[in-house]
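In the two complexes that follow, chain A is the common piece, with chain B as its partner first and chain C second.
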Partner chain A sequence: MGGKVTCTLGEVKQRADFIVYWGGNPAECHPRHFTKYTIMQKSRFLPRGRKDRTMVLVDIRETKSAKAADTFLQVKPGKDFELITILRAMIKDQRVTDAQIEDTGMTREVLDKLVDQMKNCKFGCMFFGMGLSMTRGKHMNSAALLTLAAELNAFTKFVAMPMRGHGNVTGADVIMRWQTGYPFGITFNRGYPRYNPGEFSTVDVLVRGDCDAAFIIGADPGATMPQPAIDHLKRIPTICLDPHITHTSKLARVHITTAPQGIAAPGTAYRMDELPLPLKPALKSPYPTDEEVVRRINEELQKKPFWMPEGAPLTMTAHG
Partner chain B sequence: MIRITGGKVYDPANGIDGEVKDICIDDNGRIVESIDGGRTIDATGMIVFPGGVDVHTHVAGGAINFARAMTPEDHRRTQAFIRTKTRRSGLGGMAPTTFATGYLYAGMGFTTVNEAAVPVLSARHTHEELADIPIVDKASLTLMANNEIMLDQMQAGEYERAKNVVAWYIWAAKSYGVKAVNPGGVAAWKWGEDAKQLTSPIEGYSNLTPGKIVTQLAQICDDLKLPHPMHLHCNNLGAPGNVSTTIDTLKHLEGHRAHIAHSQYHAYGGDDWDSICSQTGQLAEYFNTHPHITTDAGAVLFGDTVTITADGPWQHLLYKLTGRKWGNLDVENETGCGIVPYTYRPSNLVNAVQWASGLELLLLIKNPWQVFLSTDHPNGGCFWRYPEIIKLLMCADFRKECLEQLPDKIKGKILLPEIDREYTLYEIATSMSAGPAKALGLTKKGSLGVGCDADVVIYEEDPTDIARTFAHPRYVLKAGEVVIEEGDIREAPDGQEFLVKPHMAADTDEFMQPRFEDCYTMQFENYPVELERIERKDLQELPAE
Partner chain C sequence: MSTVFRLKEQPNVPLEAEVLCPDTIADLSNAEIRQLTVFHGKRQVPLEDFFDVEGDGSVDMELHGDLKKVRWVARAMTKGSVTVHGDIGMHLGAYMKNGRIDVHGDASDWIGAEMKNGLIHVHGNAGGQVGAAYRGDMQGMKNGTIIIDGSAGLEVGMRMRRGTIILGGPARDFCGLEMKGGTIVLREGAEIRTGAWMRRGTIISLKPLQMMPTFADSNEFNPTFLNVYAKHLQQYNIDLPFAADAGSYQRFAGDLSVPGKGEILVWNPA
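And now, the complex of A and B:
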């Protein structure tokens, strides 16, 4: 298990005749997804647009997105992993009992039809949201869905893609990867990058109280993180860069107002399919950009003594 | 100003073979006839090479970054770079991080690299990564052979239009040339198909064949006067018996310039994985009789690596063969990419044939100006293992030792046991510096002649271990600056990027816009990489015909 079989959104627009949204509500969370990329677009391969495409929504409750779907499948809460695993078995004609199917809230008839659609479409795409990746099973659910998509390539063309969130989170992932090898959950406390989500993720470091300062940019953990993490942010010197007053800026020791990205600050944003888009500011801001603030802080840090004593070893092999 | 004195100089671009002579460098980082004053580096007893040039590598952009994400288990066990005053932190391994990539290349004496596969759609990303690779100079090639807007023009017989489309894309990507990967095959993969025969129409097209794409794209590269010819990854990579496809492709290229990438992967006989054998003799013979075509070995070294290529259908096959992780990224209108971690084992017959084939090509192609050192990093092995290949090329005895670990059933399937040739230092300098620089059309690289960039490597010969000699140069100079000294990184200056601006018809923008808007999902105006985003550039405007 592992890896990711995916494409850019233009491929979905051009070719996808079968689309599954799993654990997401694009109608309310990504309102332009349907019209720009997935079900409403006409293309040279799908000239009738919506009529040439089939859309299935899998979720634990009937959201507004269900109206746009040809089929809505209501999975029992916490049973996504089981349902994906059953589908992986069924595409390979392996035996699954009725009781196992019913346990997920589905019927054999419904799943037979779904498997048939998956295997016989020309280009299938599954989008998965936080309803899958952040509920019971977490990354195991995502891995199972990505594996299902990979395995469907034995029958037809099939891809999968996460529905990423706001604040250029994809861009942060991409850049951390080229500079450190890892997307998130990284520590530099030995002078080189190490990775362990669950240990070095921001929320874990805060909850354990391991850090003695926090520098927050492009995020509002004060609104989303669990109370023990927020309590620690209040205890330590927290510095926040944000164009707005946020929950985090209110609890921070220092709040530096910066120019909003894309409106008054230039740069690059990475779309959810990792496509880099240039940001061209339309307005001027009296505030500095995030980049300028970080650069000036760095310049001041350069004046401090270097962290590593002279004569320390320069390279090493990482043994855990 | 620096004077390197007393060293034995190997400078094939100027026919200098081990002559003891001084190399003088001025304050502009150029090699000059003589200088007055400045620092002197005593290289007595040492050997002096022009800086290494990697003609084909994958070090920046969406694909290698995908590979980094997929291999945290390798990062954990690999060499770590701790941040110092002159250097940023990073990780080596199968898919090194950007800063580490610069340190590792410079650390073994390479000063110029060519990133061989850039989708235009994510070229902005590639340039951001290239800017984070310190020390070395960089060129990049645009993936073209499966671009649907270009294929439509070729299908319609509109050669001039197709040529303008290619020129437009090269300039949009701010790249240095054209890379063709599995022409037609990646386009077919968008429907889950491949293109293995040069004369069969491509899935989704009525009369366009891979053969026609190969010929026309080579012609386009010639007509646009690109300094580097079409850089071709042939159809049918990795498959038993594919040498016939490769030879057929070469015949389609008669009369054109071309560089054939990683030819090791295209030199097999046999009908299936059991009967696979090396057919490098046939392929080498073709190169020996066609001196205008160059290639790089794409040699394989035993051990762990991660394979990344725009050849999506091949990677699906490799995933099915290995059952390991599989990454795939299809890029709208343009290309695709696949990633599969892989371990080459000497006990595996196919891997053993691959290992031997890479070395055979390097040894059987007689002219080192035609065949260059490469592993198609990271596909055949990581670039920082090049010194191991140099040792295999220079020591026939060491090769014999290595042959002993191969399985018995390899007998009769490879040519390597019968080859006695040993590379000289002069030939090594040709294959890893002067040759690739010439093929890339980089006139100031790969040479220690007056006026060239002062990228110089000084090795201290270790008679007991050639690999060690080449893995640990005593000094590396980049544009006249000492970047490596006594095994330490002393400075990590930023390198420059080579770009070309090909000539195109004045109405190409108007021609492109409606077609672009039909298949892309971003704004036409936002698509080309802005020239000012590339901070240090060497821009060459190409003349019209």
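And now, the complex of A and C:
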């Protein structure tokens, strides 16, 4: 396991003749995804548009996206990891029994056809949503699909891409990655970045009560995180930067209203394929931008003595 | 005589104390030990801010108190012993090379992660990623023994290469994930996805397991190596059934998705 096989949505639009949506409902959550990038577009390599493309939807219930799909596969809830693992075995011609397949809500005929389509397409693309990545198994469900996509490259070109949510979440990952080498779950307490999701990821830190202050930009953990995390945010000094009054700003000690990005503040947003897009503001806002607030906080921090003592930081090397 | 550490003040953010290790303190005087640096969050503070230290340095350490927020204790230790009376935080005995750790209380995640050798015995429950590989690393524990009397969390023995993990209580999901060798003994079974993506190695369960669909049911037998293995485990007071008149083991081979040569042995009492 390792690495991610991916591409831009432009390549999907131009070349992808086989598209799988797994655990997502793009018709309702990403309504322009079909028409702009995936199934509806005509291109040089797929001149007949929708007729040249095949779409498969895998989900636990029949959503509105199922109408757009050529094949809808209803997987039993909580069996995504098992189903992807079966597919990994089947593309390598390993023997899986019918009973084992039926346990995931599928039949052998359906999976044989799916494996056949996956192996014989010219350019396959899998998009996965929160139905996969946020159900039991979490990161391993995503890892399973990414591994399946990587292994399918033994037969044909295949990529996998998460369907990201609202806001610039991809941007946060990308910037963290090129600045530190890690996308999230990072600590700087030793003066250099260390990565360990589960130990340093925001929700785990808050649930365990491992931090004594919180600084939140452009997110609303007060509405989305589990109750112990919200309780801890109430206990500690929480600073919230947001254009709106959110659940988080109601429990924060300080709320700073900022100009909305893309509307009144310029900047760069990252599309779900990690392509940076410049934002030009159309309106003026009386409020400062997020960047200005953070810069001014930084300037004040510079006036304080540096928190690391003189000399090299005490590093922990891998083997003592 | 062992060096005794008593936690006198509960840290309000994690305290990273990899200096609490026999190798570091063995040759130091009491005053020198008190001045060792620990990380309270991002702040470097002397050990004495949080611990009362009794006695000069030795290879045997005793820790007392609620140490849930104290991390990296006995990191990469090569000798001596560490005894913890109370709960202990993450990364206990990570990278350890030799020696013995006893916890009379609960342990947290990542105990014995990527250990090379030695013994860890937790008398209470443990968290997840016991003996596992750190994120991005290919191999977890390479040798040694981890015994947990209670339950354990997610991804026990993830990518372990060799060595033994014995759980007295149940494990949660993904026990033996991507295992590359070694043995995991589950006395009270596990939740789902046990042995997912395993390449090699053995998982022995004394309770029925919910198997991954990519494991092949092969045969029912009494493997000869288990006689030897059960005798080896007797030194830790662990009873592993192996006699043919008491029952037999159902063998599952997998994980076919890799495809791997691992095995899961499920005890079937007669």
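FYI, the second predicted complex is superposed on the first by the 309 of 320 C-alpha atoms of A that agree within 3 Å, B and C clash if a C-alpha of one lies under 4 Å from a C-alpha of the other, contacts with A are read in each partner's own complex, and residues count from 1 in each chain.
Operating definition for what follows: a residue touches a chain if its C-beta (ideal position, glycine included) is under 8 Å from a C-beta of that chain, and two chains touch if they have at least 3 such contacts.
Predicted model, so just to flag it, every value in this text is computed and none were measured.
A.B. asks: Touch test for A:268: chain B only (first), chain C only (second), both, or neither?
C.D. replies: After superposition on chain A, A:268 lies in contact with chain B alone.
A.B. asks: Give one of first, second, both or neither to describe whether A:180 is in contact with chain B, with chain C, with both, or with none.
C.D. replies: first
A.B. asks: Once chain A of both complexes is superposed, is A:100 in touch with chain B (first), chain C (second), both, or neither?
C.D. replies: Second partner only, chain C.
A.B. asks: Considering only touches as defined above, state whether A:21 meets chain B (first), chain C (second), both or neither.
C.D. replies: Neither: A:21 stays clear of chain B and chain C.
A.B. asks: If we overlay the two complexes on their shared chain A, which of chain B and chain C does A:34 touch? Say first, second, both or neither.
C.D. replies: Neither: A:34 stays clear of chain B and chain C.
A.B. asks: Would you check which partner chain A:188 touches, where first means chain B only, second means chain C only, and both and neither mean what they say?
C.D. replies: both
A.B. asks: First (chain B), second (chain C), both or neither: which does A:210 touch?
C.D. replies: Only chain C; A:210 stays clear of chain B.
A.B. asks: Is the number of chain A residues in contact higher for chain B or for chain C?
C.D. replies: B
A.B. asks: Starting from the residues of chain A touching chain B, keep only those that also touch chain C in the other complex, and list them.
C.D. replies: Overlap of chain B and chain C footprints on chain A: residues 1-2, 188, 190, 195, 307-308, 314, 316, 318-320.
A.B. asks: Using the touch definition from the top, list the residues of chain C that touch chain A in their complex.
C.D. replies: Touch residues, chain C against chain A: 12-14, 16, 18, 23, 37, 39, 41-44, 69, 72, 75-76, 78, 90, 95, 97, 109-110, 128-129, 134-136, 173-174, 177-178, 192-193, 196-197, 212-214, 216, 255-259.
A.B. asks: Name, in rising order, each residue of chain A that touches chain C in their complex.
C.D. replies: Per the stated touch rule, the residues are 1-2, 81-82, 85-86, 88-89, 92, 94-96, 100-101, 103-104, 136-137, 140, 188-190, 195-199, 210-212, 307-309, 314, 316, 318-320.
A.B. asks: Give the list of chain B residues in touch with chain A in this complex.
C.D. replies: Of all residues in chain B, those touching chain A are 60, 62, 65-66, 68-70, 72, 75-85, 88-91, 93, 95, 97-99, 121-122, 124-125, 128-129, 132, 190-192, 316, 319-320, 324-333, 339-340, 488, 518-522, 526, 530.
A.B. asks: Considering the complex alone, what residue numbers of chain A touch chain B?
C.D. replies: 1-11, 13-15, 36-37, 43-44, 122-123, 150, 153-154, 156-157, 159, 173-175, 177-183, 188, 190-195, 268, 270, 274-278, 280, 306-308, 312-320
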